[in-house]
Amino acid sequence: MPRTSKRSYSVFLGNVGSCSDRYCSAYAPPFSYSELFDRAASIELLNGVDLVATNRLLNSQDEIRRSIDKTGLKIVSVAVDTFTEAVWRQGSFSSIDPAIRARAVKDTRTVMDFAASLGCDLITIWPGQDGYDYPLQADYLQERTWFADGIREASAHRRDVRVSIEYKLKEPRTHCYLNSASTAALVLAEIGAANCGAVLDYGHSLLGQENPGESVAILKRHGDRLMHVHINDNFRSWDDDLIVGSVQLLELLEFVYWLRRTGYRGWYTMDQFPYREDGRDAVAESAAWLDAVEAIVDKADPAEIAQVLSRKDAIASTRLARRLLLGR
Amino acid sequence: MPRTSKRSYSVFLGNVGSCSDRYCSAYAPPFSYSELFDRAASIELLNGVDLVATNRLLNSQDEIRRSIDKTGLKIVSVAVDTFTEAVWRQGSFSSIDPAIRARAVKDTRTVMDFAASLGCDLITIWPGQDGYDYPLQADYLQERTWFADGIREASAHRRDVRVSIEYKLKEPRTHCYLNSASTAALVLAEIGAANCGAVLDYGHSLLGQENPGESVAILKRHGDRLMHVHINDNFRSWDDDLIVGSVQLLELLEFVYWLRRTGYRGWYTMDQFPYREDGRDAVAESAAWLDAVEAIVDKADPAEIAQVLSRKDAIASTRLARRLLLGR
Amino acid sequence: MPRTSKRSYSVFLGNVGSCSDRYCSAYAPPFSYSELFDRAASIELLNGVDLVATNRLLNSQDEIRRSIDKTGLKIVSVAVDTFTEAVWRQGSFSSIDPAIRARAVKDTRTVMDFAASLGCDLITIWPGQDGYDYPLQADYLQERTWFADGIREASAHRRDVRVSIEYKLKEPRTHCYLNSASTAALVLAEIGAANCGAVLDYGHSLLGQENPGESVAILKRHGDRLMHVHINDNFRSWDDDLIVGSVQLLELLEFVYWLRRTGYRGWYTMDQFPYREDGRDAVAESAAWLDAVEAIVDKADPAEIAQVLSRKDAIASTRLARRLLLGR
Amino acid sequence: MPRTSKRSYSVFLGNVGSCSDRYCSAYAPPFSYSELFDRAASIELLNGVDLVATNRLLNSQDEIRRSIDKTGLKIVSVAVDTFTEAVWRQGSFSSIDPAIRARAVKDTRTVMDFAASLGCDLITIWPGQDGYDYPLQADYLQERTWFADGIREASAHRRDVRVSIEYKLKEPRTHCYLNSASTAALVLAEIGAANCGAVLDYGHSLLGQENPGESVAILKRHGDRLMHVHINDNFRSWDDDLIVGSVQLLELLEFVYWLRRTGYRGWYTMDQFPYREDGRDAVAESAAWLDAVEAIVDKADPAEIAQVLSRKDAIASTRLARRLLLGR
């Protein structure tokens, strides 16, 4: 059952379900995996889903495979779970405990095989627990070395599956090691593996005081390894994971432009936490915003945009943005 | 020569000229007052200007009056200069030096008379130097008392001129006393004068992690004394004073809605620092953005917006915003 | 069994246990209430505990009472649970649903009685879910009115129990209504009840770009109703709830000074989320830091500090801070 | 006349003079270069000064040389002036105007020769105007290429003078290209010149949401080219350029530790904007704070610190910090 949207839009499967935070353990009742797939499939603009390979999911492979067959949704990537279990609380690949570092490598390899078995050639590593919380808490030289070494070792498992690493300034640690687009480029150069690349999460980029469109350009220039894109929105000081377009619209327009300009051919994966909304509806709303912004870029003349950018003239730039967005 | 725009748009006169910052003392050559008036008048959407009563300006009253007559621009407000001279470096109304406090009062009264002589019934006090930079630097109880007392004393000079005080979290101090909409409401209640009210600068509100539309509602509920509005844009962590609409478009739409909903009948005064642009063009661009957003609100149904707000439903809200802004 | 520390230090009971966040549902195994009390009691510098009146806790009153008797810990305050259950996801006192608003009032009254039954005359309301997440999502005028009305109504239940409301800029909402010290002062004035006051959480104050010591002064000047203090630390852009003193030491020193100067006679309640540490040890460490800073203020001469503050001289201020903290 | 302090402390010569900001063009009267040298020399802990090669300074070489001889102060670095003249307003090495790019290269070479003539082997490039202000304003791919090419070309002028580039997230642009430690490492790798390295400004690092000590480690691991250090303090969201130690004391302690641990042998150059203080006194105060923190690290056992860092234990870390700083 192939899906028909012309866009390459995916969602983290759990996003159409329910959320918790540090205060409230369940903002809504849980859904089964098959329910989540059905809910994702009901969003017309979506063609794929991204999975997080928790233990529970890895133990539900039959249900997952049946849902894939039923819905026709493509598995876009599978994320290694290095963040939901207490074992990772002081890091995964950068842990001071060699047994935990070994487990991170082993779990990554398991997920590479699992993804391949689903016809998916991309896995995601989000090392959110790899970092620290306090001044004077960590040996940055040692832990950063372990981190790069571990990902290099894991990704050597098979070269037909791409390993994308996702940067974020902070949360759940107050300081994460893989904290920016530039740091990702440095770490990827250090890893030096052809099948390793970066995930750019639009909201993480805003949180890190980056301009997401510029970060696309940085990743292009320094290694050309942008492999995956997550999309959502926030108010620039926290990873709020809000509906796409609902807050920072101008940078979103520019982001879509730079992805196209640099030849990005991958997916947009919605990565939201709709704590208080129906998850399915919130994701559908995100897809509608993103589609509307893409439609604006579809109609724009890339040569004209490039020409405006080449002038370094804020008047021309804001006038262009106004015409594109507001039609006047 | 009356101006014809249906909007009430003004600009700080200096904004159409040249800027400096702490590194570069002049990004462009200076303009005379008459040139500045002519430049402002050349922006079709503008009907007024706001002045800052520096010594230089107070010594150029003939030139100012001739330019007003020539251009037909209305003087919307006159700001007391409590921030450009070294004498104010440790505060004006809150200074520990009684002579400086007295001068702040006296200068304010002078500006009230000057404004009235120009047919303007509104003055602005922006106490940017009233605050502190370091922990343990100030006696907050004493200085805040002096601050409120001084403004009360000054505004008693004449009741036919309104005195509006402008809040800002920081800059030029790392901490300013009049730091938020809520603080402004508290201080206005303490002052207790019928001719005193608040200026809400859209960018200051964003800088203070406020939602400007909500701040309009706070000022409505707690004293109902919003007297003046400054408009510009920024990236939420500094008072960048950018072109209106160029960054935070969604909140701008909501801001215009709440101003109308709460019955604001005043002006929008552009307050920008176009360091690297031609000031006239940058202000014209701001006016065009604001006019475009106002046109969107003109066409919207206020009852429908109110109904959506009453539902507390993010899906309905973002859908409405998308339709209003992007037409889809 | 009375406790012997000369300090008035308390902790939220759950802080000495285990934490979750939006990714990891349990960073450590759970503890029973009696275990938590024993762990708190093992920290020499603590004399009290604050409780959160969840359903589970209200159903464990015998266990709680036995632990109080056993440990000699004083119940310093009881917080109404308006934040851990999905029912509150769109607000409590400000909900658009009258049944939810009524439940918030009723639950508050229940907690007032429960606290009184434990010999505690102070309850805490932290309205973290009262706010909104998106532009154009809420009717600020209406919801803020409901909010103040509800707390006024609830606190009228009995005047021998004080009702303290705790402000915070954001989280779990992207925008909370009770967002600053100044807003708290405004809302308390609107409520107008003698038994209502404010909780100042040191970390919330930093998160809101406040200087906590100055916020103490603001609450003193505008209503004089600081009833309770929470203490922790963070990096100024999120409520990290870290160990006291571990990040922002200078402001902590000033905070303790201003609490003493304004006559605060209440408690310091540790409010931390030691996700990756043993909770008991993390709280003990906080108490040790706070005690060390209090010892510094104990030895300082208040008249000398007041004299330095009156000079508005950053050189004198930083020199004083250096001598107090570093002894040179 | 050799200076005697055991520390390697310098200051930007202008810092002991007077400041301006975008509102106030002079917070204090100006000083002559010889007065500035004398003021710097009066600070016992200072051994050197850093210069900014403005046109005015380049035209005052005799006065400069006489002051160097008189005071015995070492010239630690000379900064190229790519930020105080309007010509640089849209960038220097990254300008879209080839004539401006050529001038940046030429001026850099001039400064290399000038520095060498003063017995100084280090120049500083702070490309604060190289960046952009608005979304959709710049061609990041092209401008970043020009930027790296220009610095490579300039630094080839002579290899006996080191060229250090200074990163900063923002200001005077809302977005600067050389925006983080990691970006600096990437750009230095692209430049690929042995005499090029990085300046780490402590306050820029805090502004960029970095932990300065960790940034030292990042620059060590990725190219090992930390050449120079600027020191000051701020509140993490703006480059406030405050007195060293006055706000973020814990990270300062860690910063000094990591500089020593990674073998940094260079200078600490005070880089402040004491708008409202006597510049000399403010710099002296900074030196005293830094000396006090260095004295703490002098007395600490590096092996013990390394051992604590290797444990990844926040309790041990905060206890160590408390003992080191507060002596208890």
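A, B, C and D label the chains in the order they appear, each numbered from 1.
One rule holds for everything that comes next: a contact is a pair of C-beta atoms (placed from the backbone, for glycine too) under 8 Å apart; a residue touches a chain by one contact, two chains touch by 3 or more.
Bear in mind the structure is a predicted one, so any value in this text is a computation, not a measurement.
Trainee: Measuring between Cα centroids, which chain is at the maximum distance from chain C?
Mentor: Of all the other chains, the one whose centre lies farthest from chain C is D.
Trainee: Measure off the straight-line distance from the CA centroid of chain B to the CA centroid of chain D, and report it in whole Å.
Mentor: Averaging C-alpha atoms per chain gives centres 35 Å apart.
Trainee: Using mean C-alpha positions as chain centres, tell me how far chain C is from chain D in Å, no decimals.
Mentor: Distance between chain centres: 40 Å.
Trainee: Could you check chain B for residues that touch two or more other chains and list them?
Mentor: Residue numbers touching two or more other chains: 90, 133-135, 170, 209, 235, 237, 243, 246-247, 250, 276, 313-314, 318, 321.
Trainee: How would one label the connectivity among the chains shown: line, ring, star, complete, or other?
Mentor: Its topology is that of a complete graph.
Trainee: Within the complex, which stretch of chain C touches chain D?
Mentor: Interface residues on the chain C side: 209, 235-237, 243, 245-250, 274, 276-278, 281-282, 285, 288-289, 292-293, 295-296, 313-315, 318-319, 321-322, 325-328.
Trainee: Give every residue of chain A touching chain D within the complex, in rising order.
Mentor: For this pair, the touching residues of chain A are 90-91, 96, 132-145, 169-170, 175, 179-180, 182-183, 185-186, 189-190, 208-209, 211, 213-214, 217-218, 220-222, 250-251, 253-254, 257-258, 262, 305-306, 308-314, 317-318, 320-321.
Trainee: Within their complex, state which residues of chain B touch chain D.
Mentor: Interface residues on the chain B side: 19-28, 83-86, 88-90, 128, 133-135, 170-172, 174, 234-235, 237-238, 240, 242-243, 246-247, 273, 275-276.
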